[in-house]
Amino acid sequence: MKRLDLIISERELDRVCEALNRAGAPGYSVMRHVTGRGPGGTVSEGMEFSGFGANAHVIVFCDEPVLDAIRAALQPLLSYFGGVGYVSDAQPL
Amino acid sequence: MDSSLVLQNLLSPPVLFFGLGLIAVLVRSDLEIPAPLPKLFSLYLLLAIGFKGGLELQHSGLDRQVLLTMGAAVTMSLVVPISSFAVLRRRLDPFNAAAVAAAYGSISAVTFITAETFLVTMGVSFDGFMVAALALMESPAIIVGLLLVRFSTHRQGARQGLSEGGLGLGSVFHEAFLNSSVFLLVGSLVIGYLVAAYNPAGLTKMEPFTEQLFYGALSFFLLDMGIVAAQRLQDLRAAGGFLIGFAIGAPLVHALVGFAVALLLHLPQGDALLFMVLCASASYIAVPAAMRMTVPEANPSLYITSALGITFPFNIVVGIPLYMVLVQRWIPVT
Amino acid sequence: MDSSLVLQNLLSPPVLFFGLGLIAVLVRSDLEIPAPLPKLFSLYLLLAIGFKGGLELQHSGLDRQVLLTMGAAVTMSLVVPISSFAVLRRRLDPFNAAAVAAAYGSISAVTFITAETFLVTMGVSFDGFMVAALALMESPAIIVGLLLVRFSTHRQGARQGLSEGGLGLGSVFHEAFLNSSVFLLVGSLVIGYLVAAYNPAGLTKMEPFTEQLFYGALSFFLLDMGIVAAQRLQDLRAAGGFLIGFAIGAPLVHALVGFAVALLLHLPQGDALLFMVLCASASYIAVPAAMRMTVPEANPSLYITSALGITFPFNIVVGIPLYMVLVQRWIPVT
Amino acid sequence: MKRLDLIISERELDRVCEALNRAGAPGYSVMRHVTGRGPGGTVSEGMEFSGFGANAHVIVFCDEPVLDAIRAALQPLLSYFGGVGYVSDAQPL
Amino acid sequence: MDSSLVLQNLLSPPVLFFGLGLIAVLVRSDLEIPAPLPKLFSLYLLLAIGFKGGLELQHSGLDRQVLLTMGAAVTMSLVVPISSFAVLRRRLDPFNAAAVAAAYGSISAVTFITAETFLVTMGVSFDGFMVAALALMESPAIIVGLLLVRFSTHRQGARQGLSEGGLGLGSVFHEAFLNSSVFLLVGSLVIGYLVAAYNPAGLTKMEPFTEQLFYGALSFFLLDMGIVAAQRLQDLRAAGGFLIGFAIGAPLVHALVGFAVALLLHLPQGDALLFMVLCASASYIAVPAAMRMTVPEANPSLYITSALGITFPFNIVVGIPLYMVLVQRWIPVT
Amino acid sequence: MKRLDLIISERELDRVCEALNRAGAPGYSVMRHVTGRGPGGTVSEGMEFSGFGANAHVIVFCDEPVLDAIRAALQPLLSYFGGVGYVSDAQPL
C-alpha cells in the first residue's frame, strides 16, 4: 500500500479533494494552517484574515493503481497552482 | 493646522496601535495575534461597517447625488487598473503588472474604516452610502485584471489541462462578486437597510455590538495589521525600487484624481475624503485571493507587499490626514 | 397580525444573519467563520444565558409554579424521546431511531435564546427560571436514548472488548450531566444566582458583557449557524423523505403538546412560548456528542442533519413566530 | 523502527492516548482539527462549536514489539468507534 | 469583617468563574476553551490594563512618591529571586532553583488585575501608576535567574555547539524586555499616556472596549485559568511537598515584605494592596517562556505547577482578601 | 529521496527553520499546535495563551546528502532543547 503526502495552498484544497474523489481515493485526511517554504517562496499564516490562507497537508492511504489515477488527476493542478507531492510505503495497522 | 492634522491622526489609538505592531516586528518581539483571531476582527469590522452603512443608506435614500457618486466609484475602479497597468508594464511582465494593477483598482476596507473614524474624531460628517461605494469598488478591478492578462498574453499551456477545474470566466465572476469579504459587506449592508426600514427596535439592540465596540476592535485589529505589514516590508528588496515608488506614488496620484472627481460632483468634505481614500487604497484581501486563482503566474509577494506593506501604512499614517488637508483647503464646510 | 409576526421575526438581525449564512452556502461564497471562533460565541452565549437566568431565578425565587414547570419540563424530556422512538422505528433501525429520538427529546439552547430575544423585541415578558427548565431538559433524553438501545437490541459484540474503556452506565451519566454545554450553563446559572444574592455590585459590572453584547453576538453566531445548517442540508438526500417529514412534523407536534401543558399550568404568554420552543427544538450539541460515544452504530449524518439542518432553521425562521400566534390567540396578556 | 499514523475522531482521543500509554508507547504526537473522508463519511470542522469535533492525527514512533502491543490495544477502539491506522518504516535522525 | 472580605471576594463573578474552571477539571467535564481563544483574552487584558494605566499615569504625573514606588518595585524584583533561590537550593538543583526563583521574582498580571477589580468592587481607590510598577517588575527576575545559573554552575557542554544560535546575554535581555507580554503592556501604557495627553477624544471612544467589557472578559478568562490551573494541580505529586510548601509560603512572606515596604513608603490602601500582590504573585507567562530558552535544564512542570497550579489560585481565592485584611487594619483610609 | 519528521517545541521553531535553511533544505512544511508526550513529559496546548506554546511538526523532503547536512545542523539544537527527529523513504509523486 502507498501513502501520499500532498502540500498545497488552502485556496486549492477543494479542487484537490474533488480530484481525489474523482480519482477513486478511498479516503483522505486534511490538516490546514500549514506554513512552510518551497520553490514558490515562504507561506505564513499572517494573511489568514484575508482569506489568502496558508497551506494544507493532505494524506491519502491507497493502493498503487489508485495512486496512478491520483497522479494523473493532480498533475495539472500542481503544475498550475504549485504545491508538492511525495509517496512512501505503508501498511494497514 | 496642516501638521496638527497629521499629528492628531498619528496620536489616535488606532494609528498608535498600528505603529505598535510595526515596532513589534522591528525590535523582533515575539508578539503575535495568532490565527484565526485577526479573522474574527476582520469579519466583525466588515459586518459592522456594512450594517451601519445599510441603516444610514436607508435614512438618506437613493437620490441623484448618491447615484452619481456610485457611478463615479465604479468608473474609478475600472480606470485605475487600466492606467496602472500601463505604468507597471514598463518594468513588470504582464502577469505581475495585471495583478498589481488590479490590487490598486480595488479598495482596502480597513483604510476606509480608519478614515471614517478619523472623520468622526474630527467632527466632520459623512454619508452612509459611501459604504455602498466601497462595496461597489471592490470587485470590478478583479475582472479588469483578468481581461488585461487575456489581452496582453496568449496564455494557454498549463491552463488546458484544467478545463474541468472550472477556471472559466464564470468562476472568475464568482470569485469577484461572491468572495467572502464582498459577500459579508454587501449582505450586512442589506441587513442594515432592512432592519432600519422594518424593525428599528433591532437597531438599538445591535448598537453596543456594531457601534460602541467598533473603535476598540479597530485598534486591536490594526495592531495585527501593523505586525503583518511590517513582516511584508521585509520582502521589500524583492519588490525593487520601481514597485516601491509605485506603491507610494499611486495612492497620491489616485487620491488627486479622486479629489478632482469629488470637486466635480460637489461632494461634501467627509464624502470627498472617503472617495479619495477609496481611490488611493489598494486591496490586499479580495484581489490577492482572486489573483492567486486567476493569475497564478504572478508573484504574490509583489502585489501583497506593495499593497499591504507600503501603500496601506502610507495611507493610514500619512495619506488620510494629507488628503484631509486638501479637502479642508478646497471644499467649503457645509 | 399573524403574518406580521412572522415578518417581524424574519426581519430581525439574528434571523437575517442566519439567512445570510444559508445564502452564503447556496451561492457557494467562500465565507466561513473558522474554528474555534464559533466555539467562542457558543461558550459566550451559554455563559451569558446561564448567568442572566441565575440572577432572575434569584429574584423570582422557587415557588410552586416554578417547581411545576420544572417537573413538566423534565417529563417532556422523558416522554418525547420515547414517543419519537416509536414513530422512528417504522423506518429506522433501533440505533438510528434511538439517536434521533434522543436529539428531539433534548433541546437547542440557541433556538431558546432566539425565542427569548424575539420576546424581548415584542415586549412580552418571561421568567428567568425558564433557563433552569432549559438546563433540566438537556440531559435526560441522552439516558433515555441509551436505554432504548439496550432494551430494543441485544448489543454485545464489539462492546465486550471495551470493558476497560469505561463505557458503562457511569460514563453515560457522566457524559449526560457533565458535558461541557450542560456544565457551563448550570455553572453560570449558579454563579448568577450567587452573585445576585450576595454580591449585587458584581451584576452591574457584568452587564455590558452579558447583556449589551448579547444581541450582536447572537447575530454573529447565527451567521455561522446558517452556514453550518446549510452545509448539513446538503446531506438531505442521505436522510430521505421519511426523516425530512419527521424533522418538520416533530417540532409542530411537540410544540402543540407543549402548548397544552402550558395551558394546563397557566403559564403566562412568554413562558408558554419558551416552553413550546423547548419541546419543539432538537439538540445538535450535547446529544450528538453523547450518541457518538454510546451509540456509535448510529449514523451521525442522520441525527445531525435532521436536528441541525431542518428542525433548527424551521424553528428559527417559521416556528417561533408560528407558536407565538397560538400563544397570543389563546393565552390572555397578564 | 516503525512509524504509526492513526486518524481517529477527536472525541476518542483521550481513550486512544491512554491505550498508547498502557501499551508502552515511548511517546506520541497529536494534531487535532484534522478533517477528511473515509468509509464512515466526511468529517468537517463545522461542528467544532458543538464539541462534536473533527479528527485527530496521532503519530507514534516505536519499535516493532511495542507496535504489536499497540495494535492489540487499539483494535477494539478502532472497530467500535471507527478510524484508521497505517504503519511505515522509520529511522531516528 | 475579615471573613466577610474573603466571602465577598469568593462571591465575585471573576473568582466564581475561576472556581467553575477548577471544578470542571475535578469532575472531568470536557469543558475547554480551545486555543487560541485564551490568548485573545490575555492579549485583550494586557492591552486594556496598559491603556488604562497609561491614561491614569498621565493624569497623576510622575512625582516623588511615584518614583519611590517604582524604585521599590524594581528592588523587590531583584531581591525576591535571590532570597528565593537561597531557600530553594536546599532541595532543588541550581537549574530548577533558579527557574522557580525567577518565577516568584516576577509577577502575574492576571492576579494584579483581579486585585484591581477587587478594589473597585470594595470602593477603594488606587493609582494608575501601579500598572507601571507591574510592567517594571516583570523582567528583572529573568536576568537574575540566568545570572544565578551562571554563578552557581559551570555550565558549558551542550551550550558550545549553539554559539551561532545566539544564546548569549543579548538574546536573554531581548527575551526579558521584549517578550510579547511586556511589550504589549508597556506599548499600551505608552499609547494610553499619549492619547490622554494629546487626543482625549480617543479615550471616550476606547472606553466601551477597554473599560466596560473588562470585567466580563476577565471572568471569562479566569474560567480558562481555572481549567489550566487545575490541570497543573494534577502534576502536584511531581512537585513534591517542599515545593508545595514553598508555593504557599512564598506569597505570604513576600506579601508581608511588600506590606512593610508599603508602610515605609506611606502608600495609600489601594496601592499598598497592589504592591503586596505584585510581590506575592509569581509569573507563569513571561518567565517560563524565557526559562525554557535560557535554562532548558530546568523542568517546566516544577516552575509552572508551583506558580500557576498553586500560588496563582492561592492568591486569587485567599491571598487578595487576606492581604486586604492586613491593609485595612494598619493603613488608615485617606 | 528522504522524508524527515521533526517534532520540537514551537518556541524553537524559528531556530530550527533557520538551521534548515542554512543546511540547504529545498523546502519544509510546518504544523503548529501539536501536542504529545515524549521523554521530556507531556506537552499540551493549555499554556498557549502564555506564549509557552505547544510543539511543532516540521516535515522536510530532501535528498540524502542534504539530510546529512541537516542532521549536523540540528543535532545541537535537539540535544539542548529536546525534540525528536525520524527519517523515512519517499519518492516524488
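Chains here go by letter, A, B, C, D, E and F, matching the order in which they are written, and residues are numbered from 1 within each.
We take it that contacts are C-beta pairs under 8 Å (C-beta built on N, C-alpha and C of every residue); 3 or more make two chains touch, one makes a residue touch a chain.
Every value quoted in this text rests on a predicted model; they were computed, and no experiment measured them.
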item	value
Labels of chains that are neighbours to chain B and to chain D	A, C
Reaching chain E from chain A through chains that touch each other, fewest steps	2
Any chain in contact with chain C as well as chain D	none
From chain A, the most remote chain by mean C-alpha position	E
Maximum centroid distance from chain B, chain identifier (CA atoms)	D
Rounded Å distance between chain A and chain C, as computed from the means of their C-alpha atoms	38
Whole-Å gap separating chain C and chain F, where each centre is the average of the chain's CA atoms	45
Chain B residues counted as touching two or more neighbouring chains	30, 34-36, 39-40, 179-180, 208, 212-213
Chain A: positions in contact with at least two other chains	31, 33, 48, 51, 88-89
Which pairs of chains touch, using the document's own definition	A-B, A-D, A-F, B-C, B-E, C-D, C-E, D-F, E-F
Residues on chain B engaged by chain C in the complex (per definition of touch)	35-36, 39-40, 43-44, 47, 51, 174, 178-180, 183-184, 187-188, 191, 194-195, 198-199, 201-202, 205-206, 208-210, 212-213
Parts of chain C lying in touch with chain B, wherever the complex brings them together	7-8, 11-13, 16-17, 20, 23-24, 27-37, 40, 117, 120-121, 208, 212-213, 215-217, 219-220, 223
Touching residues on chain E, where the partner in the complex is chain F	34-36, 38-39, 41-42, 158-159, 161-162, 165, 179-181, 224, 227-228, 231, 284-286, 288-289, 292-293, 296, 299-301, 304
Contact footprint of chain D on chain A as seen in their complex	1, 3, 17, 21, 26-33, 59, 61, 88-93
Interfacial residue positions of chain D with respect to chain C in the complex	9, 11, 15, 33, 41, 44-54, 75-77, 79-82
